[in-house]
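As written, the chains take the letters A, B, C, D and E, and residue 1 is the first residue of each chain.
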Amino acid sequence: MSAVFTSLPGTALRADARTSGSEALHPAAGEPPVKAEVEFELAPCTATPVERALPWTRRLLDNAPLRRAAILAALALVWELLARWTDNDLLLPTFAATARAFAAGFLSGELLEKAAISLSLLLQGYVLGIAAAFALTALAASTRLGRDLLSTLTAMFNPLPAIALLPLALLWFGLGAQSLLFVLVHAVLWPLALATHAGFQNVPEVLRMAGRNYGLTGLRLVVHILIPSALPAILSGLRIAWAFAWRTLIAAELVFGATSGQGGLGWYIFQNRNELYTDRVFAGLACVIVIGLAIENLVFATLERITVRRWGVQR
Amino acid sequence: EGQIRIADQFGIVYLLLDVAKDQKLMEKHGKVQGLDIAVTQVTLSGGSAMNDALLSGSLDIAAAGVGPMLTLWDRTRGRQNVRGVASLGNFPYYLVSTNPAVKTIADFSEKDRIALPAVGVSVQSRILQMAAAKTWGDAQHAKLDKISVTLPHPEAAAAISKGGTEITAHFANPPFQEQELAANPAAHVVLKSYDVLGGPASATVLYTTEKFRSDNPKTYRAFTAALAEAAQWIAANPEAAAELFIRVNKSKVERKLVLDIVKSPEVQFKLTPQNTFALADFMHRVGAIKNKPASARDYFFDDPHNAGAN
Amino acid sequence: MQSHEPTAATPAPLLRAEGVSLEYTAGERVVRATHRVSFDLHPAERLVLLGPSGCGKSSLLKALGGFIAPVEGRITLDGRRITGPGPQRVMVFQEFDQLPPWKTVLHNVMFPLLASGQAPRAEAERRALRVLEQVGLASFAHAHPHMLSGGMKQRVAIARALAMQPRILLMDEPFAALDALTRRRMQQELLALWAQVRCSLVFVTHSIEEALVVGHRIVLLSPHPGRVRAELNAHAFDLESVGSPAFQAQAQRIHHLLFEETAQPEAATA
Amino acid sequence: MSAVFTSLPGTALRADARTSGSEALHPAAGEPPVKAEVEFELAPCTATPVERALPWTRRLLDNAPLRRAAILAALALVWELLARWTDNDLLLPTFAATARAFAAGFLSGELLEKAAISLSLLLQGYVLGIAAAFALTALAASTRLGRDLLSTLTAMFNPLPAIALLPLALLWFGLGAQSLLFVLVHAVLWPLALATHAGFQNVPEVLRMAGRNYGLTGLRLVVHILIPSALPAILSGLRIAWAFAWRTLIAAELVFGATSGQGGLGWYIFQNRNELYTDRVFAGLACVIVIGLAIENLVFATLERITVRRWGVQR
Amino acid sequence: MQSHEPTAATPAPLLRAEGVSLEYTAGERVVRATHRVSFDLHPAERLVLLGPSGCGKSSLLKALGGFIAPVEGRITLDGRRITGPGPQRVMVFQEFDQLPPWKTVLHNVMFPLLASGQAPRAEAERRALRVLEQVGLASFAHAHPHMLSGGMKQRVAIARALAMQPRILLMDEPFAALDALTRRRMQQELLALWAQVRCSLVFVTHSIEEALVVGHRIVLLSPHPGRVRAELNAHAFDLESVGSPAFQAQAQRIHHLLFEETAQPEAATA
């Protein structure tokens, strides 16, 4: 604030230090025109938003579900053409054949049942994995030992394939759902912990300070400041973890097998693959895809809309 | 005692177990011994998962090829002492090729690709090595490994049936080999496992730890008795057995294909292991197992039905 | 309506805002930032946007920069509608985080010169070092932005814009975070640069005195939503005339214009 | 700036609007003490940083490699004890046995050779995957269709297990390395694209505007503004992708197998597992872990130190 | 050294900075922000830190807040060394991004009250709405921070701090982004609040006038690295005395103290 300049003699003195600048200040030839001064009496403003009529093409393009449907249709078409062109229905069935097998599996209830088994396992593993990831990252956020632990453990265990855990899982949990859960947690924990940790580290220092200022420490700081602020990173971690939980589940159901016909989608795929019903294999995979799309659009996109997008954190 | 957890894998080779389980034969024979047996059946996807489960104590009876059983016998000797319980029957493995130039294994060229499950380790791979050893001598037993590729049966079967890939041969198992031969007119059999092993041979065997057998003698007896009854029943009722397989496994394979296999003269459902020693001897010769078995009775338990094991 | 000596034939304006309304849509809420704002910017003119907090000054500047599009009215540059930002209209933003944190202070200043292809590397570095000297940050040339104080960051942003020597310079409260002394030095530097390159300048400030010192002409905006309350001349004033009677009179006039406007809500809260 | 208040009569008038505030301004009893005014003559400052002698415990704890080594030692100890306790060396060999097998494999050159084969494949797949991910996210960053494409494709394909791709890989790439690469790209592409996209969306709007102001658009904006700014998120994506590339490679070598003895670490593990040489299996896994730790500490941590940490973006 | 009428028995200070040096380590570089700064803050005293850009005002305030630890000297509160931040010392930061973007304006203001357990939800909401009214943002109570202008964000941060009614209020250039009018209103509100709760205040500003109006006592800092140049009294001045001869004299004195200090580098750049 240059308040004091007004009446300080020193100020005027200092100002001619830059005479070149001062000279140019006096309007002269070649200067911008000197216009009349105007004042407007302003009526109280009734600022109604302007109606904007968009052309229908634009409105069509603005419709996100429509655009996505178009993408899906295009993919289906490519698939169909590719399958027809390779003409090897044991390796790559057509889209139409897969759709038929999907419909049949759906109507007979078999696919639904298998999907339900897989989903229920998956959700359990996912939730457990999330809990473990948050425990680990919360620790890493508050102590240096936790940070070292996180970075060392993830670097060590994240690259390990599930089969590496098989002996341990069998020793501790035996055959069955618990071992599968163990493997699922392994799939969810590390990527989510990595993403969350990166998100935490990226929280603006001043937000962190504001939180600490109000007496938040440890877990409360994590819950009230770090998690909301790192939500975009966490969301991407959750998406990745979700996908990997699926991948792992499908693969692990083959290894751990099924107890008395209780197999899920992975088992369905495995069995049909062994019987060379490739269309059903693809129907099983399509089921995974459909669930993936549903979760993405119903859960993750919604979550994103009501949180980060609304907060203006993410565009 | 009173509880048995059995693993099987996927396929018709495990029909004996399916029958025993479906007709509650184990429970029935348990009653005879004065025992209520609780049977748990788990389906696993491969030999090593099977071994891990058995060793961890999550499983009482495992079922896999002769090869994995021999390996496990070798490694656990003097410790868990895993040995064979019984055979699940004799099944032939065919080496099927779509290359018309290949009549015997000696005709394979650099351009051919033989698909196998687990090159160098699986039963099919061992048999191929035995055949190679017979053709070119023991030192050359791994000669064909160079053109072998590891590929799961379904994909290999799809490749042979429809062509369009580099794979020109597949050492398969039932029912894939039958499906390939039916689907592709160019597909023909180059080698049969029976020719290499010296006659009809056990393909898949059941095995367990010494501890289980000695801790649960009654359950063990009930189990083998149930298997024996199941074998008899299948021999007597092949049609019903085929139906049972389709029902129990919720299989969608054509009934005719299943029936053809069950009825095939090359397939026998019996408990007594047959022609396993040749493989065991070969594996010892090439160093895959360190202990040299004197006879098949070394790696099978001393049970009445194993008396004639060879 | 008051009016002073109108000039006869004014040359074509460089930049023209005609009835510009700006709106933000956030979920169901539509916030109108400015309402039908019109003004002209002539070549080599220094225009100041002055108004209370939240009246839409930053929004208007962003619209001139081509970052947001008006929902009503139009903004033209050389008679052509503005469709997007460009290196000929360089902007100094109000926010402290406008400096890419991965570049040192020096590279931050060089960056736009290189990115817009305006100067080769050596020349860019020379120019960057010179302007950094001008804003008093030569010794921090190799520091990263997170090592600077708020006011220092803003000075780097100013240096970056000055180094570009654009046709139109858009500055959003560039000196708000600076102390009296630094601020005056920056004003001097700005005016000196203007005297050299004679670019056009749109300058947002909330200081009446600064508006009079920096501007040729002042566009006075009403409180939210921003509308043009008055257009006043300030070409007669410079740093030396601060405190002169004419200066004081004009300052007072602006003050009254702002006061009048807000007397009602003020009384309500007091 | 309240410069003009100084001489404006209106100002003083307005000020007594809040008399309560004004009254309290005059020092009175109970007020803070009025102290003497002081001025200091300041000598030119020779601000040398203060030497801070830290206690040796503190210095020891400050040593990151040491702390990590301690964690690793603790883990090894836990392993050894666990293995001794379970006493089932076919399932879980002791740390010592594994170390012996590792040393033997290392000395005979077998492990090194296998690791080299795996690493070379892995790197190729990783680089290809990164390129694909950046292409996809760059597209997503600049066009709305790209954004839809990204979100739809990742939601669809990310959950698919590698075996689902086996038939396609066989058809398109045949046997051998190319199929493995295809699967590796699948493992790297989606998580990296997701993480990078989340990072891009999180770039402060004003940085984006600054970039556009200097005429950067499309790819140049991505390279010069979005990528550096999203680097923490990208780094976490790279870490996750790296780990998943390993997992996938190991698993895929089992499924796709090896042609003519050319198998890498996955094959080594698979073969030894089949032959029940569990100590070698664990030696193979240990090799994966060692490589993981090396990459984490040599590559990723260094990358982090010379970029985001130096920039003060991440703590 | 000048000195005015010294007082005899001063009560024990609330907050004491004794020879505080602050440093930042960035890689190999060590930047010294302040050098052996000492001052006292008494209960109900309003202390102003005044100094040029980059002289370490923000750093000093953060040290008082307990966010950074001095490398030399010590800071004590009630005679006890400060080990970390606490809700009794509430800080208004200089940065615009100090508001959690996921909370509405209202919740932003309520948050510290709830987090520190100072008020139940209903009471917190009541208090929050009242201070929002005071800073003129009642109508934006349900907006998210990204929908606010820079000045509005700062006002929310001020409201948040005022609602807390802490023992010590630490404010870092809180009014820098505000226009003349809003700024004066905020000054009034601050002084009114002070009169009610009589908390201690440490206020950073770069405006000499504001320092005189707001402060009882002014700590004048030298340019980088910050050292105490002078401690001056301002308890005699308030909003009404702006422009009085005594006020002008003190302002001029401060100006000279700052000038003198920087005459050398200034001449070099000009």
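The criterion applied here is as follows: a residue touches a chain if its C-beta (ideal position, glycine included) is under 8 Å from a C-beta of that chain, and two chains touch if they have at least 3 such contacts.
Each chain and its UniProt protein: A, D = ABC transporter permease subunit; C, E = ABC transporter ATP-binding protein.
Everything numeric here is computed off the predicted structure, so don't read it as measured data.
The pair with more inter-chain C-beta contacts, choosing from A-E and B-D, is A-E. Chain geometry summary: the mean Cα position of subunit C and that of subunit D are 40 Å apart.
Distance between chain centres (mean CA atoms), subunit C to subunit E: 27 Å.
Separating the centre of subunit B from that of subunit E, both taken as means of CA atoms, is a distance of 82 Å. In subunit E, the residues that reach two or more other chains under the touch definition are 26, 95, 97, 144, 146-147, 180, 183, 188, 206-210, 255, 259, 266, 270. For subunit D, the set of residues that touch two or more other chains comprises 1-7, 14, 17-18, 88, 91, 167, 170-171, 254, 273, 310, 312-313.
Looking at subunit B, residues 52, 56, 152, 155, 158-159, 164-165 sit in touch with two or more other chains. Contact between chains, using the touch rule, shows up for A-B, A-C, A-D, A-E, B-D, C-D, C-E, D-E. In the complex of the two chains, the subunit C residues touching subunit D come out as 62, 65, 67, 84-87, 89-91, 93, 95, 97-98, 100-102, 111-112, 115-117, 144-147, 164, 205-210, 248, 251-252, 255-256, 259, 266-267, 270.
Of all residues in subunit E, those touching subunit C in their complex are 24, 26, 29, 31, 51-54, 56-59, 94-97, 133-134, 136, 143-144, 146-152, 155, 173, 176-183, 185, 188, 206-208, 255, 258-259, 262, 265-266, 269-270.
By the touch criterion given at the top, residues 1-7, 10-11, 21, 23, 26-27, 30, 32, 35, 40, 42-46, 71-72, 180, 183-184, 188-189, 191-192, 194-196, 207, 209-210, 216-217, 222, 225, 227-233, 235-240, 242-243, 257, 261 of subunit E touch subunit D in their complex. Here subunit D touches subunit C in the complex through residues 1, 3-4, 7-8, 10, 14, 17-18, 204, 206-207, 209-216, 220, 224-225, 228-229, 231, 307-308, 310-313, going by the rule given at the top. Residues of subunit A that touch subunit C in their complex: 1-7, 11-12, 14-18, 20-27, 30-42, 45, 47, 49-50, 52, 310, 312.
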